[in-house]
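All remarks here apply to the structure that follows.
Going by the order they are written in, the chains are A, B, C and D; count residues from 1 in each one.
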Amino acid sequence: MYTEIRREAYEANIALPKQGLINLTFGNASAVDRDRAVFAIKPSGVDYADLTPGNMVIVDFEGNIVEGNLRPSSDTPTHRRLFLAFEEIGGVVHTHSTRATAFAQAGRAIPNFGTTHADYFYGEIPVTRKMTPEEIASAYEWETGNVIVERFKDLNPLDFPAVLVNRHAPFTWGKTVAKAVEVAVAVECIADMALSSLQLEPGLKPIEQELLDKHFLRKHGATAYYGQPE
Amino acid sequence: MYTEIRREAYEANIALPKQGLINLTFGNASAVDRDRAVFAIKPSGVDYADLTPGNMVIVDFEGNIVEGNLRPSSDTPTHRRLFLAFEEIGGVVHTHSTRATAFAQAGRAIPNFGTTHADYFYGEIPVTRKMTPEEIASAYEWETGNVIVERFKDLNPLDFPAVLVNRHAPFTWGKTVAKAVEVAVAVECIADMALSSLQLEPGLKPIEQELLDKHFLRKHGATAYYGQPE
Amino acid sequence: MYTEIRREAYEANIALPKQGLINLTFGNASAVDRDRAVFAIKPSGVDYADLTPGNMVIVDFEGNIVEGNLRPSSDTPTHRRLFLAFEEIGGVVHTHSTRATAFAQAGRAIPNFGTTHADYFYGEIPVTRKMTPEEIASAYEWETGNVIVERFKDLNPLDFPAVLVNRHAPFTWGKTVAKAVEVAVAVECIADMALSSLQLEPGLKPIEQELLDKHFLRKHGATAYYGQPE
Amino acid sequence: MYTEIRREAYEANIALPKQGLINLTFGNASAVDRDRAVFAIKPSGVDYADLTPGNMVIVDFEGNIVEGNLRPSSDTPTHRRLFLAFEEIGGVVHTHSTRATAFAQAGRAIPNFGTTHADYFYGEIPVTRKMTPEEIASAYEWETGNVIVERFKDLNPLDFPAVLVNRHAPFTWGKTVAKAVEVAVAVECIADMALSSLQLEPGLKPIEQELLDKHFLRKHGATAYYGQPE
């Protein structure tokens, strides 16, 4: 019944270490089935080498385990919060990729310095505020989702398909979980470029609006002309 | 009829991710057939794993698709502009390689700090001026080629076989597209070295003219003695 | 008789270059058998490609070779000192991994800047004081162990499963040597992230106590809920 | 007749790209036969994939080609100069490895900041003075050897088995060319660590003399105890 999201979640999870985005077991991916209101997610603390479509855990939108003998990722409530808030997304990815995490630890958004960035994001990659002691002490992973949603109250999640959680690391998403993996690769690459650009020019200004518009819009929206017709 | 340039363009395109120059689908390579006034170029937004000589797109010097069922790379007008302006080149490569792109984002030429650089370039790796809102709003990719050509009005493209497009990324070229790939590898390596040298000595001066002459000219021109006789 | 610790030590040693933690022969791993009061350790100066479970050297807690035709690692007395002082550990790993060693050379602890770090360490990764000329001139490798033990007089080794030896490099440990390898991977990753965060914010403050508590304690101790039930 | 040095030089040359020390064709290795007063060296500008023991070029101490149909490396006179001046060495390696070259470009010796460095070098990794216009204009590669030899007039080449040629890149050597490859790996690793340590502490002082003595001398000379008895 959940064959398709099991396969999608599995493929996304095993792509993360192959792409160099994951050390050890830092990270997880999930794929949603909107019709059935469930998602498939990595089991907690399991080595990537031991993953199979069959051991993905199926969780519903209230957080109940629908199928699976293993505990789901401890970050499951964050994924769930994002699926509830961002109705247009089909998958979520969380990594601790090195350069993006360096920005998150410093509480800094990743400035949009060039067209590589503008091909994916319609502005900077936002960072959340720090979580309060109360949020941390209560339903921590759910509240992690809440600070992300709060940061996006004036942002379109498909125009900004990633966030840095302050002191923590990036979350990315997309229409499919495969797209969320692609964005996770882009975020790490963009963070690395931005760090080097900042070494060269500590006060570097963001990309000009007209160039941002051009690059973002040639890949996204009604006037896109990049890639093949769908 | 276009077998040779299809093969050359294909081999150059698949070399880019193997050399670590490309993440995702950021980049493309093209090979020209001067006699027939056409070039073969990567189709737009296609995964490197799915490329074949047969799906390279054949485009003429007016920008018409001569052969191919897929859209050519969105950067095709930039390649075309370069083939028209630089008559001695046989191939063009575009990457978003990380360190070179960091210089491009910062609007900084890559200074010539040592013999690794001098083996390939007869001076700094130049950067274009920023494009105007008008250039961006009109035929953007063609105008990208124009700002490159403008930057080269007093430079020999074979003495300076690469450029950084401001806010964007490097383009490289050569007598063959295979050579353009080699230059793309060199540009990334040189950019990485230059960043580290600048960390050590923020005010580092460029290489002395006599050493630049020696290294560039032992590999290029009438007095070259590097490599095997051709 | 020592089959199990030979196998564990062998697997840990060969994991080090696979994980990118070791260049040349800089590093070693050991596994202890508490019941027999012996440990298995890498032979000195032997290539990782030539290791086998059979050529691990078995050493007792007084430093005598119990089994083996090869000299044990020159760092053996340091491992022995740690097994004697930290009774809860089952394995020790020593690497010269690049970013962690950069902190050790500078005599700097690795500050705890985010949750990646907090998942493994209940605070900064400590650095020892410099060794005195007398310590260096006497039983150097044993004294290396002594300065580590001195640094841990008020620290729980399982809450802080790594140390940087000043001017030298990291040592890590864990309940098993496989866990010590995992920590060694984490230390290098955390060091790399911290260096980049410090580039962004030279005066960056450590992680807030409540977030440290949350992340460390969700993985360790009585209230842990990360991973699968054991 | 030159089977042994052909094999040694071949194995050393192909090890360089495998170790990540070489991009493109930047680099070369040579092995000497002191009895016959000849050395085997890489042919110039040939891809590493096309090397065989048979296409190594045999050159005598006056610079004549004794065997071989290809031109030897353009750096051959530098290797020859070193074999003549440093009688105790059996092989020479030249790379443009990234971080070491960054120091060379900046004209900076690599300071000895820790025991990784002290295991290989009895002090900093020296840098030559800049070459004069006259030296560059005359027998450039031979003069490159001369500035190295000049820098070593008070240094023992086996205590300092590498040098950075100013504005250029490292040369390393050893009793065998295999050892020179090992040193080349160490130099790149040490340079990378030193750059990161300098980011943390721009005014970092070199390692204390007593620790330098300890580490260098436990691996070298009459009192060495690292590794297995020979």
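Basically, contacts are C-beta pairs under 8 Å (C-beta built on N, C-alpha and C of every residue); 3 or more make two chains touch, one makes a residue touch a chain.
None of the values given here were measured: they were computed from a predicted structure.
Trainee: With a step meaning a move to a chain it touches, how many steps does the shortest path from subunit A to subunit D take?
Mentor: 2
Trainee: Which chain has its C-alpha centroid farthest away from the centroid of subunit B?
Mentor: Between subunit B and every other chain, the largest centroid distance is to C.
Trainee: At the subunit A/subunit B interface, shared numbers over all numbers used: above half (same) or below half (different)?
Mentor: The interface of subunit A with subunit B is built from mostly unshared positions.
Trainee: CA centre of subunit B versus CA centre of subunit C: separation in Å?
Mentor: Result: the chain centres lie 46 Å from each other.
Trainee: With chain centres defined as C-alpha means, what is the inter-centre distance between subunit A and subunit C in Å?
Mentor: 32
Trainee: Please set out, as single numbers or ranges, the residues of subunit B touching at least two other chains.
Mentor: 195, 199
Trainee: Testing understanding: with touching defined as stated, what is the shape of the graph linking the protein chains, line, ring, star, complete or other?
Mentor: Chain contacts: single closed ring, each chain with exactly two partners.
Trainee: Which chains are in touch, pair by pair?
Mentor: Listed by label, chains in contact pair as A-B, A-C, B-D, C-D.
Trainee: Can you check the complex and tell me which residues of subunit C touch subunit D?
Mentor: 23-24, 26, 43-46, 70-71, 74, 96, 98-99, 101-108, 130-131, 133, 136-137, 140, 167-169, 195, 198-199
Trainee: For a test of understanding, state which residues of subunit D touch subunit C in their complex under the given definition.
Mentor: 113-116, 119, 182, 185-186, 189, 192-197, 199-201, 204, 207-208, 210-211, 214, 218, 225-229
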